[in-house]
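So that you can tell them apart, the chains are marked A, B, C and D in the order they are listed, and the count of residues begins at 1 in each.
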Amino acid sequence: MVLNVGVIGTGNIGTYHINRLAGQISGARVAAVYDLATERAAQLAESVGAKAHSDPAEVITDDDVDAVVVTSPGDTHAEFILACIARDKPVLSEKPLATTADDGLRVLDAEVAHGRRLVQVGFMRRFDAGYRRVKATIDEGTIGTPLLVHCVHRNPIAPDFFTSEMLPTDSVVHEIDATRWLLGAEFAATTVLTPRRTPLGPDRLQDPQLVILETTESVIVEVEIFVNAQYGYDVRCEVVGSEGTVELETPTSTSVTRDFLRGRSVPADWKERFDGAFHTEISQWVDGLHAGTVTGPNAWDGYAATVVANASVDALRSGQRTAISLVDKPSFYA
Amino acid sequence: MVLNVGVIGTGNIGTYHINRLAGQISGARVAAVYDLATERAAQLAESVGAKAHSDPAEVITDDDVDAVVVTSPGDTHAEFILACIARDKPVLSEKPLATTADDGLRVLDAEVAHGRRLVQVGFMRRFDAGYRRVKATIDEGTIGTPLLVHCVHRNPIAPDFFTSEMLPTDSVVHEIDATRWLLGAEFAATTVLTPRRTPLGPDRLQDPQLVILETTESVIVEVEIFVNAQYGYDVRCEVVGSEGTVELETPTSTSVTRDFLRGRSVPADWKERFDGAFHTEISQWVDGLHAGTVTGPNAWDGYAATVVANASVDALRSGQRTAISLVDKPSFYA
Amino acid sequence: MVLNVGVIGTGNIGTYHINRLAGQISGARVAAVYDLATERAAQLAESVGAKAHSDPAEVITDDDVDAVVVTSPGDTHAEFILACIARDKPVLSEKPLATTADDGLRVLDAEVAHGRRLVQVGFMRRFDAGYRRVKATIDEGTIGTPLLVHCVHRNPIAPDFFTSEMLPTDSVVHEIDATRWLLGAEFAATTVLTPRRTPLGPDRLQDPQLVILETTESVIVEVEIFVNAQYGYDVRCEVVGSEGTVELETPTSTSVTRDFLRGRSVPADWKERFDGAFHTEISQWVDGLHAGTVTGPNAWDGYAATVVANASVDALRSGQRTAISLVDKPSFYA
Amino acid sequence: MVLNVGVIGTGNIGTYHINRLAGQISGARVAAVYDLATERAAQLAESVGAKAHSDPAEVITDDDVDAVVVTSPGDTHAEFILACIARDKPVLSEKPLATTADDGLRVLDAEVAHGRRLVQVGFMRRFDAGYRRVKATIDEGTIGTPLLVHCVHRNPIAPDFFTSEMLPTDSVVHEIDATRWLLGAEFAATTVLTPRRTPLGPDRLQDPQLVILETTESVIVEVEIFVNAQYGYDVRCEVVGSEGTVELETPTSTSVTRDFLRGRSVPADWKERFDGAFHTEISQWVDGLHAGTVTGPNAWDGYAATVVANASVDALRSGQRTAISLVDKPSFYA
């Protein structure tokens, strides 16, 4: 039994998922693709033996498609997810679930009304071996009660189109989800501090930023986001508990010593750092669908992350601590 | 197109390969299995939708089998490999290729006569991200000319049936192959030193041992093999060059600090340490067969490793430096 | 020529300095001591061949005393320092220089009026090999322009008398001075965030705290201070620049591997962590006095640290970002 | 009371000791010096307020000299040590105690006849924080029974006068002493393996070498000595026990991350790596003499190290495993 997957969006991450689904995932194939860039979509479709549709809706309605991966621009996600729910098709959407709280709520309502979990959001860090070990260490009680979390998220160079608002919404959103999950908690407030800007980024860009999140139980999660850090792709996370701490280590396979220096390489980009996490994410999603279940980060997680990220944009603009307000969590997601 | 794989041997490693081929490798399935333990083989076959044969030869001759994985006891490998060559079927044999030089030569002769590469030996370390990075670092000239290699190979506890001779043949054989490959060289002599025995192993077992290998160009490779080291599974390798060194790092994803100690976990066993290497090995083998090629460690590598391991057993018994003599390498393997 | 040192205060740190001055520092001896606890002072004096005075002023006026070390309670420092200036005697005062800005200003005024540097404040981290290397790395331009600094300061267990206000004034004051020095900058604002309290400290104590300092050029220095962290004494500092980062490493001399864990010890307390820094501090102070100079952290540094620490106490109480205002820096300290 | 020290030899290491004794060691001064290079000796003497003698014997017989440090060429050590014993003066001799076993025995006999310990040999590694922690870890039973020791000793570049024989006698002698001390054991045999030579050293020099030492209880100590390793000064030591291992860590105070590399500096030379060990060595020697005792590595340690080093030279020349034979250890050294 092979799972036939339709993919909407064949950009950077879409192509990455398509090639993995086509060549490295047992029990799945790519059945159909769509992209505004029709030529790229057609070539990619041919290379993996899939159809190329001229309308994204066709990917969802195609009877040869069992499940959908959404990797189109973020503001289109909610619409496609809703269409998938309407057709009772499981959907793995890249983050964000939605770019507005309202859109997120529409997805929640639709899935709750549908009565069966179909939606998974692409927060792949939950599938990273390091984050999993951090969570297990917390859950085993090894570090006592979590009090504080220090996160660092650095990229070598941001794309030209990056805006100051995208640091919270496109980058920190990963830490928002990961720490919600690690702590099993929701955020109640956010503040964004604006340090001296790097001279190596565009003038208009507030880079780096220091985002300070507070859970309802006053655990503080601080995130340094720095998208033009030059030196490499570096993601760190230390959870400080009452009896100890647990930290992500940067994966490294070798060290080289020469010229009076012992060095370990730092990942070049998110693909190098999180390739294993993406593989596990997709692999477990496919295996789960074969078993009839969806167990990854759900629509509620996606909604909450969007609300926190958007509140952080407000905080960035206002310079003020900003309260975060979520709707009551539907029991469906308990 | 799915590659139908037959597996001879359903013990520990056989089961490990079968589950991976059945559930995690795109483009392959398990079509047939055999084991002396017929009940275990039947259950495993059923769980992955394969046939269970009552004779290993049937796995090879089965028309529904495109390629064979051999994971039976080491002294049966050569026979099954020869049968695969006779049927023109690609075969991935767990190490060793053969337990005697003569058997290894029979395989070489058969494959050369056949005229097309069919045989790959399961030296999975060549597919480990760390070893690959070590090799790339050497090949890029970063450390200058290699002069010395320090290897450590420690297991927590050896199985009851382990003998002193198995330390070279079953354990060090991995370092023999890996360093031949890293250095692009053959070994010319071997010496085995016998340190004080661990009180935590059986009296009859010389554990640890220090195996000293010399290449034809006098690069020294020393291997500490210690199969009852208790504390974990630990594989290390440092290549010392004229301008610097490169070392494997033990993979770790987190560190935990408590009780005045900052600690990183050490792998529990070879599956934890080399799971990724095994995955890459099998995955690339399957992808290669789809493309009509076999590119992993070949029969010559298997033959050479067997000769060096057996010479090391002689060296262990005699206490003397022992010369290693290989036949001329067939141009087929150049 | 031996420098005769008088020491006011024979508590924990006083005794520590006295024993070092008496036994490990070439070119110095302890000539006189004073403590309210007269018996302890007398015993200590006898053990190092010093006089024990019954009045702290006598230590300063004693003609056999060339220079004074002040290790009495913090609120007495300014008075003793002023007395030393009045007698033209060099004085090394433990931090703080003063507990109020006014007292600090009186010291500044007195020293400026005196016209010759006599005062050094005991910010020993400036003499730690790690902090020195961090500063050198910044100054060499290796990391580009500093933008952010992440500091961690953890103690295993705080003394019973520790109050929430002492986290900024007694602990973070070290980071305040060290980062002023690393960055060559003054602070303009401070905010203190109050995470969930550790259940392992007293209820009345806000522990940990997150102190956010901003320099006049908007470099953000954040300091996690956690005085009941249980697991060890841990001081970390990462300076994030536009082209790279430099971090303190926890000094460690060995690692031990057993029970599936590779571990490095974490220092037990500040004496273990900073013993070398204290040694260098005292040793260079003595050497400097033999050469007729005082070059360590000066009265301005002490004044600035007091103002920033006190503003942080205000910020802790108010929950608000609090502006920091220093007097104009006398050209004497340029 | 100040200890008046006479120093014979004002070369590199002599000057290093003189400056430390004169400026950094409490309770000691340099009273007299001698060197064949009389001008250098005179200048150095003047700079530290010492006499410069024209004959080394005068340093020893000088009534103003309480104790002697010998840092002249190795083959003169025994003679000066014997002269010190004859005058009942404590002597700290740089390694080696003697260059021949016979000279070593003459020192042993003289000290035993004298009846009081006067001789300490400058094996400073015993005073290094890391080696001390390794020894404590072994002695506490943390790693079980020691079975094997892996040592690495690398210098960036050897002086022009270095010969192949000096690798054992001048470099490995440090590991010989350190591991005798760590294990509390004597060596019974030595073998020297000769890997491919580095192209970056002189043709006549066998560099690196692999020295394999065996204790009377069959613990194997292997030492890679590589004196033109280019990249830095690197000393490593891992003691492998039946239940775990303990390793020296290279001291480092910071790490720097830039250009996709996280790096720690490697020491430039032995002064940087072992400055603290030399300081502790001299400081404890002076403190001990004030208390009337000599407790560091003794003449027996010096004799044993010389015999093992010389046997290793024999082993290097012969290519054979060479037995080591020590005289019975005088009960005086028990």
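Quick note on the criterion: a contact is a pair of C-beta atoms (placed from the backbone, for glycine too) under 8 Å apart; a residue touches a chain by one contact, two chains touch by 3 or more.
Please read these numbers as outputs of a predicted model, since none were measured by experiment.
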Chain whose Cα centroid lies at the greatest distance from that of chain C: B
Which chain pair shares more contacting C-beta pairs: B-C, or A-C? A-C
Counting in whole Å, what is the centre-to-centre distance of chain C and chain D, each centre being its mean C-alpha position? 38
Would you mind pulling out the distance in Å between where the CA atoms of chain A average out and where those of chain C do? 43
Mind checking the centre-to-centre distance between chain B and chain C? Centres are C-alpha means, answer in whole Å. 57
Residues of chain A that touch at least two other chains are 230-231, 243-245, 257-259, 264
Over in the complex, which chain B residues touch chain C? Could you list them? 230-232, 234, 250, 257-266, 268
Sort out for me which residues of chain D touch chain B in the complex. 144-148, 150, 152, 193-200, 208, 210, 212, 214, 217-220, 222, 224, 226, 229-231, 240, 242-245
Chain B contact footprint on chain A (complex, rising order): 22-28, 128-130, 133-134, 137, 142-143, 243-249, 251-259, 264, 276, 283, 287
